[in-house]
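Per-chain numbering from 1; labels A, B, C, D and E assigned in written order.
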Amino acid sequence: MIEVRAQKQLGEFRLDAAFEAPAGVTALFGRSGAGKTSLANAVAGLLRPEAGRIAVDGTVLFDSARRIDLPVRHRRIGYVFQDARLFPHRTVARNLSYGGRHDAARVIEMLGLGPLLDRYPAALSGGEASRVALGRALMSDPVMLILDEPLSALDAPRKAEILPYLERLRDTVRLPILYVSHSASEVARLATTLVIMEAGRVLRVGPAEEVMADPAAVPLLGVQEAGSLITARVEAYDAEDDLTELALSAGRLLLPGRAGVPGQPLRLRIAAQDVILSLEEPSGLSALTRLPVTVTRVEEGRGPGVAVGLAAGTDRLLARLTRRSARSMGLAPGQQVWAIVKATAVAPQDVGG
Amino acid sequence: MIEVRAQKQLGEFRLDAAFEAPAGVTALFGRSGAGKTSLANAVAGLLRPEAGRIAVDGTVLFDSARRIDLPVRHRRIGYVFQDARLFPHRTVARNLSYGGRHDAARVIEMLGLGPLLDRYPAALSGGEASRVALGRALMSDPVMLILDEPLSALDAPRKAEILPYLERLRDTVRLPILYVSHSASEVARLATTLVIMEAGRVLRVGPAEEVMADPAAVPLLGVQEAGSLITARVEAYDAEDDLTELALSAGRLLLPGRAGVPGQPLRLRIAAQDVILSLEEPSGLSALTRLPVTVTRVEEGRGPGVAVGLAAGTDRLLARLTRRSARSMGLAPGQQVWAIVKATAVAPQDVGG
Amino acid sequence: MQWLGPEEWAAVRLSLRVSAMATLCSLPLGLLVAQALARGRFAGRGVLNALVHLPLVLPPVVTGYLLLLALGRRAPLGAWLAERGIAFAFSWTGAALAAAIMGFPLMVRAMRLGIEGVDPRLEQAAATLGASRLRIWLTVTLPLALPGILAGTILAFAKAMGEFGATITFASNIPGETRTVPLAIYEFLQVPGGEGAALRLVAVSLVLALGAVAASEALAQRSAARRRG
Amino acid sequence: MQWLGPEEWAAVRLSLRVSAMATLCSLPLGLLVAQALARGRFAGRGVLNALVHLPLVLPPVVTGYLLLLALGRRAPLGAWLAERGIAFAFSWTGAALAAAIMGFPLMVRAMRLGIEGVDPRLEQAAATLGASRLRIWLTVTLPLALPGILAGTILAFAKAMGEFGATITFASNIPGETRTVPLAIYEFLQVPGGEGAALRLVAVSLVLALGAVAASEALAQRSAARRRG
Amino acid sequence: ERVLVFAAASLGGTLDEALAPWEAATGHDAVVAYAGSSALARQIEAGAPAQVFISANEAWMDSLDAAALLAPGTRRDLLGNSLVLISGEADVLALEDLPQTLGEGWLAMALTQAVPAGIYGREALVSLDLWDSLEPRVVQAEDVRAALALVALGEAPFGITYASDAAAEPRVHVAATFPADSHAPIRYPAAALAGSGPVAVDLLDWLSGPEAGQVFAAAGFDLP
């Protein structure tokens, strides 16, 4: 549970943001200069708001009314800065251990830091430095994490190794995480709550599923980034084809690879652009997942696209079509159609644990 | 025309890379620590190779055999560093004009720097700083650009504003660009040539279309990043539906929005995961593009996925399916199937000008 | 003026002139030497460094004496200069020279720290933007080294205001010409009961020197504030 | 030893002891003051800064005289200290005190430059990792300010090796007790024909002081090289 | 027993030589601290642990006397000196011709307001009616030895020092001696300091004695 309210004038920029978020990952999403880093700094205690209140899991970190301002070091917030901020005079090993040696072996392994331990930061590549910064924050055994674009300098395979670790922190240790990112797929995968910022203010807050599946949020997220989050249950794993079968409220979905264990709930992000609609039940297609859905909403955007809200059982899906398609199919709320989801488009990056 | 051969020992890391690339954008792609920045530094003159030769458009910048080592300032290479490296004691305006005022108004406009001109770098957000760095390099009127992950701190809408500008530089001024990125969609959109690096060496070089459409390159690019590049020709623009019709060698493709002018060639990236295969000609689908294709190759990867090479007329396409789909469809080289491409998945980010 | 006699005011004016001259004239050389020591990797680096520290390590009187040996009329260099009408010994320019040399190690050290603190990657960035070495130095290195340069300048100035031993040995004590405030103070202190006059002069020179220190402080602060954003 | 007499070697040993003592004892205070001036925003900051610069601005003899006034046996503070067995005037500790005070502005300025050069964002990063202020200072600020700290230390040491005016005024010139190398050199210069002996002493103290400078240089270089990667 | 002697810097060397036989004979240890008379006098005022003070300057001894810091009855004039005009050249010069001979050259003196040799010298030039014409050409050195050095180095063609200084420096020659009545008598007062013991007086007596007198005379000092 994170509660943030902060006001601060920075030159001509005014930060005036407030939101509340339940446990889990709270993603801060917004354009460059929207105030994400400033807000994160306020939470960490590096920027003192003129007025406001910041509390994490019931602990008040800052309250201008009650003149509470917990010193940074007592907040125990592991902060991965947008710039790595490694200590240049300490080796990687001594950077990592500066705040503690919590879960050291696993962090070093997961981030692939083993070969770097004796190096000084000046001899690291950009991505290596950002991994060390992440490791340093994780090893300090924080009660909360702030990650400011921690993965933006990393390649896809490396991201794929780190995200599950963050998911485990979110789910097993129940560590609150404030996550700043420009990547909707990262956000979708991790975020419980999505906070959309613009010009220092919070435009929209809510459960990530809702905000992302809301056709009205498409322009905020960027056309390519919109999509829906669905919680599915793992049914079975087919070792021969290396496929995991998931149960949705409206049917089955097949994911490549092994994900979770049977019975476990799993979060999936299905990008609006990866959903195809069909008037008849399709057959002979390489896409294995077809769900009967009901059109709930047809939203014309500014561009050529149409965002179509769908109810798939109790889940909500979002599809993005061209206007011509929508017209030729005669889509209207209440209509029954088939949604085709390509399993390979979902997996493995966008599957939350 | 870029010609690079460089050897250098950096601690335990050995850079030993060589490639040649024609005019246009040469993308350096590779995992964190692969040596991309080091190679870019060698080209810029910031890292002196022990041996090697570097030439751009016929001008020899470095040649260990002939003891040529052009000073950095005479290379006239606009370099956007992985870290922004703005001059902290100069305002944004005076950072921008440090190397010249080439195309100043347009660059400032395109990068949205107008409101920042009087600020000092310390008062910039991460993304703002990276935009200023890009602007500073562009305004120095370079004869070559090196861009080391210039867009990674930027949001999708901002990227969508910058990419066309870079494309114009590539096409109109014919500026050679060395582009380091982890984002396949950026690379696909811009790159003429793709250089894949690993552990200091060049693993694969070639025209971007070829490398990306080569099923064997999928693991190098990352599963999510593989796809094919196709050059299409603009046929017509449908103002009512805001759709552009493109002619491929195998048929028509509809893109949302207006792209190019009739007769103009256009590059498209079609991600492997966005291609669905169908045994029969599909109907009643929201996806508007369906192309008759011939299976050329079925490549089983390490994971659950299968990469399928397709010939669509004279173009090559790549599709990624689950193994089960491939089997149930009985895919084999020579087989005639239909490829369904979702127009909204292609547009607008992956359309090159 | 009752409080200080005209001769004392003359000493104050002279001290200011000598110190200003010493500081301004050693500034360019100090910057060059600081740059060379900070970044250069040349053969005589160690020797140059030792040379710069010399006036700090030597008793001031010895420095003055060595100056006399080097620039005196019988010395080749001194004779050569004298022929060209440049005489240092027994003139206010000599006092300035002595003060400059005594302050030089302080000036260079501070400037060097400032220059060493400049991130060479910013200089690289400037080079990629086509700037020449000189332009980089003037537009990137120097402005970023400003705190060190200011500190070096003010240290040299303050030292010049207080310099005694080398000055009296090299430039002697000629009222109106080389009798700076410290020399005047020394004179007062030699006579029983002269403390009062000495302390009045001390007070004046303190006000001036510390005023300069405070001014440089304010300057440094202003430029730092902008950079902090 | 033919070359220098036993009394001269005694002066050399004494100078080393005095300079080492002066440098080591002023080190912690110098660091504190440098930190306060670099980062503190407190009321007496300007005054503290002026005070620190004082010994630079004052002629050394005046500093010695003021020390004598403050710490002589007849002065209240001096008497109070003497009762507790702490006598500065006329003892080698007094020479060390004089040297320390004369070197203090140089030490503090360099250290302050070093500390000001430390990126406060690194200190912030340390705070987010749970480090206390003291730990941050010891593990981040000081190591990163090392070039400045080394420079300050070596400047103070070099100055102590060369200090004359304040020492002879405050601690007097007592052979074996306060007769440091610069005082011995002065004495030789007082005796006609003593230049040779004086120059020999100059040479010895130069070798020592410049050796220390070179050593500190090497140390700074080593730690810089690692950081440069 | 250890006796700490505070002595004017210009006695450096000579005094050690004069004291060596006394130390050998008595077994006492004379430790001499040389510095400017003013510095030594101030240190004595501040409580310096010296037993004997030999000043080059009567005024400072007077001021210690007035402050009752001297052991009563021990003050004496230990040495005298004469004032000479020195030159790098071996030629003898009539004092009246000095301004003309000097021309644009410099006349080196000790500080004329502060240091005894300078004060005496100025007094002498004033009484000889030469001061007004010479004043602009005077360079004042920190002390009489520094003035001597300026002449020895050739920086100044002439200088005014004590005869004892001139005697010890082979590179200078005495061009003229100032008449004894052109300035106040030059005296080096010496005294044991308050609280000192009999050994200090014994040391003083030895210095006033004939054996030490020979040493001083050889060094160019006058005996009172």
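The rule we apply is simple: contacts are C-beta pairs under 8 Å (C-beta built on N, C-alpha and C of every residue); 3 or more make two chains touch, one makes a residue touch a chain.
A quick note: this is a predicted structure, and the numbers were derived from the prediction, not measured.
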Subject >> Touching subunit A and also subunit E, the following chains >> reply: D
Subject >> Any chain that touches subunit C and subunit B >> reply: none
Subject >> Chain whose mean Cα position lies farthest from subunit D >> reply: B
**OP:** Express in whole angstrom the distance between the two chain centres, defined as the mean CA positions of subunit C and subunit D.
**Re:** 20
Original post:
Using CA atom averages as chain centres, what separation in Å is found between subunit A and subunit D?
Top reply: 57
Original post:
Cα centroid separation between subunit C and subunit E, in whole Å?
Top reply: 35
Original post:
For subunit B and subunit D, what's the span in angstrom between their mean Cα positions?
Top reply: 60
Subject >> For subunit A, residues that touch 2 or more chains besides their own >> reply: 11, 83, 119, 123
Subject >> Interface hub residues of subunit C, defined as touching at least two other chains >> reply: 61, 65, 165, 186, 189, 229
Original post:
In subunit E, what residues contact two or more other chains?
Top reply: 36, 149
Subject >> Contact pairs between chains, per stated definition >> reply: A-B, A-D, B-C, C-D, C-E, D-E
Original post:
What residues of subunit B sit close enough to touch subunit C in their complex?
Top reply: 44-46, 71-73, 75-79, 81, 83, 85, 87-89, 98-100, 119-124, 136-137, 140
**OP:** Could you pull out which subunit C residues touch subunit B in their complex?
**Re:** 121-122, 124-132, 139-140, 143-144, 146, 223, 226-229
**OP:** Write out the stretch or stretches of subunit E touching subunit D in their complex.
**Re:** 4, 6, 9-10, 12-13, 31-36, 39-40, 42-43, 45-49, 143, 145, 148-149, 165, 168-170
**OP:** Show which residues of subunit D lie in contact with subunit E when the two form their complex.
**Re:** 61, 64-65, 68-69, 72-75, 78, 89-90, 168-169, 172-176, 178-179, 186-187, 189-194
Original post:
Touching subunit C in the complex: which residues of subunit D?
Top reply: 46, 49-50, 53-54, 56-62, 65, 105-106, 109-110, 112-114, 116-117, 147-148, 151, 155, 158-159, 161-165, 181-182, 185-186, 189, 198, 202, 205-206, 209-210, 213-214, 217, 224
